[in-house]
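What follows is a set of structures for review.
Note that chain A is present in both complexes that follow, paired respectively with chain B and with chain C.
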Partner chain A sequence: MAEKAILFDSTKCTACRGCMVACKQWWGLEGEKTQNFGSYENPPDLTYNTWIKMKFTEIESKRTGGVDWLFTRRSCMHCTDAACVKVCPSGALYHAPLGNVAYNNDLCTGCGYCAEFCPFNVPKLQGGAATVIRKMNKCIMCIDRISNNQEPSCVKTCPTDALVFGARQNLVNTGKERVQELKSTYPNAYLYGEKELGGLHVMYVLTQLPQVHALPTNPEVPVTAIAWKDVLKPAGYALAGLAVIGLGLNYLAARANANAKAESKSKH
Partner chain B sequence: MTNGWNDIANSDCILVIGANCAENHPAAFGHIMTAKARGAKLISVDPRFTRTSAKADIYAPLRSGTDIAFINGMIKYVIDDIERNPSNYIMTYILEYTNAPFLINPDFKGPAELDGIFSGLNADARSYNTATWQYQLDENGVPKRDKTLKDPNCVFQLMKKHLSRYDVDKVSKITGTPKDVYLEICKTFAATGKTGKAGNILYAMGTTQHTHGTQNIRAYAILSLLLANIGVSGGGIYAMRGEHNVQGSTDMALLAHILPGYLGIVINKDVTLQDYLKRLTPTTKDPLSANWWGNYPKYVVSLLKAWYGNGATKDNDFGFGYLPKVSGNATALHSWIPLFEAMNKGTIKGLFCFGQNPAVGGPNSNLERGAMDKLEWLVVADLWETETAAFWKRPGTNPVNIKTEVFVLPAACHYEKEGTVSNSSRWVQWRYKAANPPGEAMADLEIIDELGRKIKEVYKSGGKYTDPILKMTWDNGHPASSDKVLREINGHDLTTGKLVTNFVSLKDDGTTSCGEWVYCGCYNEEGNFTKRRDLNDTPYKIGLYSKWTWCWPLNRRVVYNRASVDLNGEPWDKEHPVIWWKDGKWTGDVPDGGFPPMSVDPKATRLPFIMRNEGVARLFGMGLADGPFPEHYEPWESPVKNPMSGTQINPTCIIGASAPGQRGTSDKYPYVATTYRLVEHWQTGPMSRNLSWLCELQPDMFVEISEELAKEKGVANGGKVIVESARGQFEAIALVTKRLKPMNVDGKVIHEIGMPWHWGYSGLVTGPSANVLTPHVGDANTAIPEYKAFLCNLKKA
Partner chain C sequence: MEQRVQKYTKVARIFHWVHTAAFILLVITGIFLYVNAGLVAQDSWSRLVHRIAAVIFVLAPLMQLIANTRTATASLKTALTWGKDDLDWVMAMPRYYFLVDEESMPPQDEMNTGQKLWYFILLVFSPIFVITGILMWFFKDILPSGVFQWSIFFHDVAFIVVFLMFLVHVYLGVIHPLMRQHGGSFSAMVDGTVTEDYAKSHHGKWYQRIAKK
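And then the complex of A and B:
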């Protein structure tokens, strides 16, 4: 089956945030308690109960008014080269046949490696040692809807067609055409996700350089994650078998954490 | 609105002014995006760079309350350009379809001569005698015209003289808009004057909520007419309604000055039906004028028959005497501001609020909440316990001291009842019930029906003048049925008992009934047309969808559409024809009057603007309270002296009794403030501040201020500020932004601040209400409060 994707055209998005509400409605996710921190933006970040959020960025601009207001989607990018799938020790996270990254909640052990290794900082966990086992949550591209020929709920609700769902290859073409149209007004216009991480299943039409939209310029799967998959993951299972899972995974998590931090420092 | 939502997609240039449709009409923005994909330009004019501005090709800031100067300057640009390059405009349209060539009484004088006022002002009465604002008539009583447009008393020349004062320098001085951007907008929008091009103007409450709000819209009308944008596809003026059925409520006369169908309210001088009809039925001696309002008697008598049935006979003036009468200017006496002033004085003792939340939505909330304290009883029908329902326990109040008896009636929400809603496009659409209301909640119709039955029962036991209640028909079924009510609205032929086909069949002899003449035809013997769901778009595929539901009047999707064609009935824009005269008949939309084109049959034809007794559109409009041309006045509270004239404010605006004692001046309150809505919340908040998914998006009341003002005041983004006007104050979060910038107004640096008005003391998230700051003054014609421009002070909390 042809891979599917979502194309987000930031030039058509009015930040009505209907996508955020539609997502919560479809999945029955709780509203967060928030506080205005001097921005239209809220909740402050993705959480266990918030799978999409819109980022608002004000920048100086040569356009009339001297300002531009960028609206950027923040949610799972459904990478082909998905770090979360690579590092998931229990096999909970997987690539569905349409290319999206889904997970089996029953298998999730709450180890948090996906959260540590995701170059976009998307997976979020809830729960803790004192209460119950932690679980991860994130966008799964409405796998129930798309496998029944429906658009994801965020796409369905978008009033301006800033979000479009379809065959990935078609959307790559649409996105490239759109970028060409925009180049005269926005020389930095760019289709983000065409090639990044082997091709993302959520692609963005951007008017500015990715970092201006708060996106990593060259997202990569950390080397440690690759090592994990090929070398340490089998060991992880072995450790689980030896029932020293808590100790062992904590050690690995700490290592991964340190590595990820070192990685991100070297990038900036 | 003149056109419909879908037709925005056909525009070449969309001017959004006094509106922020990305936030307040988010679904409509899809049509704007379709137009942009076709190459249309989007212009956003707003004191603040909004989510709409973020998508615009051109953005211009303007100081709140200066729209008239802004648009008048654009009209001047167009007039100058018409004289230089007439071929860039449709001169036939201007000469034949507007009153540009009409001659005006030579005694008429305008603000250029009278320092900001028009001839006929009675300053003490705050009203005009309009005797000089009239046409010169020839010996047959037909208005005189000079089609060369040279006569100094012709409308075109008067307009030119009036607008000569609005040059770019002056406009920029008043509005604070930089000249280069302003000229770019003038040029871009004026380009829609070309044959085959169309531009539209989208407005909302940012336009209307001023002491000169109606004249703001008049300015849009004049600009649009000179550019031949009225009646054409992709053109028009869009009154974007703020609620799903606010168009319907206006049609049904939820206003002080009208009866259903925009018929005038009865005044105490109308002793008989004849007096009333004589006062309001326009006449014409021009054989080319259709003068549609000449049908006034048919609509009024049919309305009385719908209301009083067999109780309305020729002998009793069809029950005309049963109608309540007002003692003067209904708007000045009985609209929102005077009603609350009267409650405050104790004159009005009871209040019904259906889906209204005045404790948050009304201006000068402290005064209006206090006015409610003086009521004997209050009935609130709503989905939630609103701030109004809870006014007696609001913060700072001791319930012990409030004697008002409060009844809260749980109401069904829109998905829990059936009936029609009328959208901004004038489409009357049937909506089906999706779920049963919870608990004891009832549909508004059922509540009113029960109330009506009970009142009738009580009146049966006697009292003073019981006929108006007892003779009134009250046959809504039990439980009350929307279907039955819609049939009553459509009307019946009382001789056959059948539903009337449309308002052309209504009569003034008592043989027809009709509850709202502009809706007549929505439900006839072929069925309930508001339930139609046919998506065929024939014949010209411009998005009319003529068989999708039903549109008033007569299913006409674009009003004034006979101005979309030339004198032979050929469309100006053949790519987007609204109507087209082919093989001896009109094709396309339902034409404005079925008369043949003007050159095809000069005898049988009628002028295209059939609702005006002169048959053409008015550049010079004598029907308004505050002048035939829009003139710039400062808001009630302004930081500057009017740079245009010695007349500071609209000399006929409505000033609440409490207002003069609470008027802020710029020495104490130096900043211009404006209020607005956010996409995340709905009006006064009951429907959104009770939903956690929306609360999380916009949890708190905030005030937007520029980086420059924040620096001056030592305010940090996300910190707290105290905002204060002459009427109240509150503390809120400061949202420091690049999207507001100080403006240069008449040589002074003026800071404008902005704030949403969604918060109150009820609901899941609460916060201060912006309206504690706003004044009790209103527009001269509608009395809509001036929410959009007032003065305040701001300091770090």
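And then the complex of A and C:
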């Protein structure tokens, strides 16, 4: 099946936050009680019950001399090289056929490795340090809707088409064209997600450098994930196998020799 | 009736088995983060048990140190003192354990080199378990995620080393043919005694010392 993706065009976003409401509504997620922290941005971050939020950034505008107000989507990026999928010990997190990263809630043991390894800090668990019994939650790109040929709820509700959904390859082309159009006004315009982490399934048309939008430049699967999963784990299995074989051989040899000794003793 | 000699006190045995039980619980509840066990660990019960067992695993040796300071510090000292006797043990080890050639092994003290090594490895790796465990349990929200990531790594390094040594320890304690003769070594951790024959053949140096008293 052709991989699908969401394209977010930050220049078309008016920060109406309809996407946030549509997500809560479709998934029946509870609202957050928050406190004003001096911004229209709300809530402060993604949570167990908030899978998408719009980030507001104010920067000095070289273009107008005033202020540019940047609106950046913050939600799961559905990476091809997904660190969360790599480290998830129970296999709860997985790549769905359309390329999105979904999870099996029953399999989640609440270890939180996904949250600690995600380069975008997206997966969220209930509670803080003391909460032992918990589950992870995050955007799964409305897997129920997209596997039935519907758009994700955030895309469906977006009034300005800042969010569009479609075949990933088509959206890469659309995004590149849009970046070309923007280059004259915004020299740093960039299609984020075309190549990052093997290709993201949520791509952004940005007017500024990624870090200005509070996005990591060249995000990577942490080296610790590779050291743990690809080096230490196989080494552990190998050593355990060798130990069991070694002890087994020792037992066979020792038993044979012990029996031989006992026999020669009884003969005398 | 064969003569038996006391090798471990009741206090030492109780702490040994409490520590063992905690360790086995820790292995069972921790292995789900290493081996994909599917639905077994759902709903985080393993996270809860792992923490309870971890507290016991840390407290048991500390309490033993307080309850039995003299014996515990003596064992600590032994485990940290290495010398020519240990080299002799290493040289004799293959003949002894594979060929069951008892004459090849020089007389051993109360703890032989293998036992000292096991003790030493626990002394080194238990703090690694505890420090990385505390970092992951209490400080993950405060510290950068890299600290958590490396904590997982070193927690697992400690697990691999200690678990392999644990297998060897169990094997030598109850399975190896040499350790089952003369009444065997296992009784030392059950009623605290071994037969005189066992003490002579496996811990000759120690037996000579206590026989004089």
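Heads up, the rule we're going with is that the second predicted complex is superposed on the first by the 223 of 268 C-alpha atoms of A that agree within 3 Å, B and C clash if a C-alpha of one lies under 4 Å from a C-alpha of the other, contacts with A are read in each partner's own complex, and residues count from 1 in each chain.
We take it that a contact is a pair of C-beta atoms (placed from the backbone, for glycine too) under 8 Å apart; a residue touches a chain by one contact, two chains touch by 3 or more.
Bear in mind the structure is a predicted one, so any value in this text is a computation, not a measurement.
A.B. asks: Looking at A:81 after the superposition, I want to know if it touches chain B, chain C, both of them or none. Which is it: first, second, both, neither?
C.D. replies: Neither partner.
A.B. asks: Which partner chains sit in contact with A:133 here, chain B, chain C, both or neither? Use first/second/both/neither.
C.D. replies: Touch status of A:133: second partner only.
A.B. asks: So in the superposed three-chain picture, is A:227 touching just chain B, just chain C, both, or none of them (first/second/both/neither)?
C.D. replies: second
A.B. asks: Examine A:144 and indicate which partner it touches, taking first as chain B and second as chain C; both and neither are also allowed.
C.D. replies: neither
A.B. asks: Is A:113 in contact with chain B, with chain C, with both, or with neither (first, second, both, neither)?
C.D. replies: second
A.B. asks: For A:194, decide between first (touching chain B), second (touching chain C), both and neither.
C.D. replies: It touches nothing on chain B or chain C.
A.B. asks: Once chain A of both complexes is superposed, is A:90 in touch with chain B (first), chain C (second), both, or neither?
C.D. replies: Only chain C; A:90 stays clear of chain B.
A.B. asks: For chain A, which residues belong to both interfaces, chain B and chain C?
C.D. replies: Overlap of chain B and chain C footprints on chain A: empty.
A.B. asks: Can you tell me which positions in chain C touch chain A when the two form their complex?
C.D. replies: Of all residues in chain C, those touching chain A are 32-34, 36-39, 41-48, 51, 97-101, 137-141, 145-146, 148-150, 152-153, 156-157, 159-160, 163-164, 167-168, 171, 175-178, 181.
A.B. asks: Over in the complex, which chain A residues touch chain B? Could you list them?
C.D. replies: Touch list, chain A to chain B: 11-12, 14-18, 20-21, 24-25, 30-40, 42-43, 50, 58-60, 63-71, 159-161.
A.B. asks: Under the touch definition given earlier, write down the residues of chain B that touch chain A in their complex.
C.D. replies: 22-23, 26-27, 29-30, 32-33, 49, 51-55, 58-61, 181, 184, 678-680, 691-700, 702, 716-719, 733-739, 741
A.B. asks: Per the contact definition, I'd like the list of chain A residues that touch chain C in the complex.
C.D. replies: Going by the criterion above, the answer is residues 89-91, 106-113, 116-117, 121, 128-129, 132-135, 222, 224-225, 227-228, 232-233, 235-236, 239-240, 243-244, 247, 250-251, 253-255, 257-258, 261.
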